[in-house]
Amino acid sequence: MLKPLGAEAGKEQRGRVLVVGGSARYPGAIVLAARAAARCGAGVVTVASARSVVDAIAGSDPNLTFFALAEAQPGVVATASAQLTPVIAEKVKALLVGPGLAHAPGTDEFVGALLRNSRGTPTVVDADGLNALARTEDWMKLVPPRCVLTPHDGEAARMAGRVVPAGSGRIAFAERHAREWGATVALKGAVTIVTDGKKTFVHDLPNPTLGVGGSGDVLGGAVAAFLARGLAPLAAACAAVWIHGRAGALLASEIGESGALASDIADALPRAMREILRAS
Amino acid sequence: MLKPLGAEAGKEQRGRVLVVGGSARYPGAIVLAARAAARCGAGVVTVASARSVVDAIAGSDPNLTFFALAEAQPGVVATASAQLTPVIAEKVKALLVGPGLAHAPGTDEFVGALLRNSRGTPTVVDADGLNALARTEDWMKLVPPRCVLTPHDGEAARMAGRVVPAGSGRIAFAERHAREWGATVALKGAVTIVTDGKKTFVHDLPNPTLGVGGSGDVLGGAVAAFLARGLAPLAAACAAVWIHGRAGALLASEIGESGALASDIADALPRAMREILRAS
Amino acid sequence: MLKPLGAEAGKEQRGRVLVVGGSARYPGAIVLAARAAARCGAGVVTVASARSVVDAIAGSDPNLTFFALAEAQPGVVATASAQLTPVIAEKVKALLVGPGLAHAPGTDEFVGALLRNSRGTPTVVDADGLNALARTEDWMKLVPPRCVLTPHDGEAARMAGRVVPAGSGRIAFAERHAREWGATVALKGAVTIVTDGKKTFVHDLPNPTLGVGGSGDVLGGAVAAFLARGLAPLAAACAAVWIHGRAGALLASEIGESGALASDIADALPRAMREILRAS
Amino acid sequence: MLKPLGAEAGKEQRGRVLVVGGSARYPGAIVLAARAAARCGAGVVTVASARSVVDAIAGSDPNLTFFALAEAQPGVVATASAQLTPVIAEKVKALLVGPGLAHAPGTDEFVGALLRNSRGTPTVVDADGLNALARTEDWMKLVPPRCVLTPHDGEAARMAGRVVPAGSGRIAFAERHAREWGATVALKGAVTIVTDGKKTFVHDLPNPTLGVGGSGDVLGGAVAAFLARGLAPLAAACAAVWIHGRAGALLASEIGESGALASDIADALPRAMREILRAS
């Protein structure tokens, strides 16, 4: 599970994270996800997005690095740009696909090609990445070996082709589909279920502080950081869900239940992580 | 009235806010209004502005989402771009029109078309949105059913076609015009009057901290957030005025009566909201 | 002298400030000056700069408003753009000319034309604005009635055509030239002399915290804010020098003598102002 | 060694720093290095980078000044732009070459030309600046008289053409090559060795907080600031390494061992510097 970094840990032990997403409408989502990854201790975080999106955000956080993707139209990545080999070859230890990606002609093919090119890199698929999969035939074949899928109920329903049941049926739903999809699933909601189909963990500490736009992007970045550090998918997803939840609880007590922003959640992750590392 | 969020509240219960405004001269006003809406607990906040204005601000706050409007000239929205159906259809629960919109050829028609296309979404009209109405014949026909108008005395005079009287006559003025205009009116000033023509609330806690540029944009964003959360127009306007006023009082004691910026007011809203929620 | 704002003070009582300057090399100087003016309580602060400079900084502070000037080449204002009537007509109460303006063909003529068009608005000339004057024949004829000039010794020497003497001769130098130039002079340095040629105040609290790039821009913004609030030039310059100095002392005790940035000085101005208002 | 600034220290006593680097992929590295230099007390910090990189970052920190270099392609400096005479002539007291420079056709020639044009200005070469040297024949002839090289083991191996030995052999390696290269060497790692080949200092306080992307850029900026203040290369490198390390220790205790960003390290430098100045 999650352990403190060794005293001599550098960039490579911390691990490199590549976040792929963003669009003209959602330029902030990849910044939030990338910052969350950095706040969870990733060694280097690279944002890959359509060139005009990179232009918009390149000055917003000096701690991030960027990779501009060719675009089909302003803010929409070209499918051909899924050939990310030059970046992935650079020691990327975890890939996060989806934050703010939106949907445009070619998005689904882009996500598919990206996963095919990922060379087995541990991968998180979130948000519009999941929606792109749901629209792709036989998408389960695209799921790489060490993969975490982080749908909320609406996205999960689109992926499963059926409504997510309430109550305890929701746990069984997540477990069954984790097995079927060959991935660790974090089924997000007021209650979040993390399962690889064999072991299941339920985070049942509902907190409205976490119910803001961008909160899911932050969670996705946290999962990627823990994958990059070397955790197995189930452990990485659990660490992220619990630390994200604890960050929300800290903010609820400090700022109140309304008004904490997703960027506040990202910046509160180190304190939450420290509490959890100390308690364990 | 304003109540704490339920433990399971997510983006949709918090409500989505769409802020329409901005211009080359006033790019910050929509950022302030949008941030204030987020700080008052809105689930998702989208800024719709002329394309070149969105280019300027898209990297300034990762918590916001953006919708670039076609422009007639740099920084000036094209009237035809008032067809915001794709965004409004996305579950927007409150619309704020006006912050930083400025005045250019076509602005008045743009505001009129926007209100006609708003499909009954609860709406706040502020600042240059109000000035656009005042220049439009029969503008009262454009006022949607659940609407809050937030003029200061100068804007109110232009809308009413007569000077706003001082003293107690100011209350009667606000009440009469709220009825005539078919809207909740927040008549802003050192003393702010909130009325729907039937019930009237007077916020009489003058505070120079609130007298800075952008403070009104922050107030508009707060009203929109409370509308989006489901409050009735009168309740939303009152909650916003009192919380905005309390935020100003907090800053006066912390920073002093000069020097707090509108962005400070926006960021102080959660603390003010929490005090008021606890006291009620 | 400087007094607290009245309880009902709004934007117009606080006063509007227009800052003219900036260049491709120094885009931050006008942001610092404008932020300092806002931190000293100005009601509205507008930055006027070459179009490409405005493009670079328009997203950097939502509390500021902008006016893009036509440019002769990227980052260099066209002389003809000194016709700022539309902005100045908008109730601007104080003009600050020079921060980050740099020197390019046409700069001197631009500054001259700006001062001729200023319609008697109280004005601060700083930095490259002063250098532009020093290169202009008969520049003293351009000095408006209520004007503060804020040279350091190098700039003062260029304006006077002779070296600034050390020690007590420096005071006599400032007084003589304040009379000759028909302006209030703040001769900046480790010791700063403020004089209108009749009354003289000496700020003799040397502090290395204030010796960083941008510190002078912050001071210029403070003078402009106090002019905009209605103070006479000598009172405005004194208030700014003492509050700027006090802000530096606060930062020296908090951050240390090295490492405070000019933006820290700007943000510390309200606390310094409050101390001085309470003590007086 | 490092001493407090005199009470009357201004920009020139603090010294001017020029940071050359940046690329489309790494726009933040020069911002981090420049901010670190400012946080270590540099009087003025100028960032020189490819024009499109400057466009991306010019609004990100008002305390910095900029010099846009002609580019061969977007984000890649043209070799001819190494003729930085106009900036260097402006009283630059220390040059930092390399942060975020990346590698593209012409980079190596650019770095070589830059060093040839540096007119004996005290210089730090870091990161991709070192890699450019390692690819250049007879690069040791380019090393200016007062030069600090700050390789990690990988960069040092490329420069030396042989693997860096572990343990005490690493000290001997650094000492031998400092003599051979004619420079002060800071061989970075969990343990950092600072040596001019005659005197050697070993910083043996491993801390994972410092192992994040951008941390090296911050260190480079700190060395440049101390060179600009007038310290000899060995003293400047030691001061920077110890203060950087102390900043990491402060953050480890405040934020935890994971989650502090390089920008946090930069902003913690003044507190670390103050502790060290007080203790000495």
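By letter and in written order, the chains are A, B, C and D; residue numbering begins at 1 in each of them.
Here is the rule we go by: a contact is a pair of C-beta atoms (placed from the backbone, for glycine too) under 8 Å apart; a residue touches a chain by one contact, two chains touch by 3 or more.
Fair warning: this is a prediction, and the values are worked out from it, not measured in the lab.
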For this session: Note down the smallest number of touching-chain steps it takes to go from subunit B to subunit D.
Result: 2
Exercise. If subunit C and subunit D share one sequence, what is the angle of the rotation that overlays their CA atoms, in steps of 5 degrees?
Worked result: 90
For this session: With centres defined as the mean of C-alpha atoms, identify the chain lying farthest from subunit B.
Result: D
Exercise. Where the centres are mean C-alpha positions, what is the separation of subunit A from subunit D, in Å?
Worked result: 34
Exercise. Between subunit A and subunit C, what is the gap in Å from one C-alpha centre to the other?
Worked result: 47
Exercise. Can you list the residues of subunit C that touch 2 or more other chains?
Worked result: 58-60
Exercise. Given which chains touch which, is the overall layout a line, a ring, a star, complete, or other?
Worked result: ring
For this session: If two chains touch, include that pair; go through all of them.
Result: A-B, A-D, B-C, C-D
Exercise. What part of subunit C is in contact with subunit D in the complex they form?
Worked result: 24-29, 31-32, 35, 56-60, 189-190, 206-208, 211-214, 255-263
Problem set entry | subunit C partner contacts - residues on subunit D that touch it in the complex | 4-11, 13-14, 38-41, 43-46, 55, 58-68, 269-271, 273-274, 277
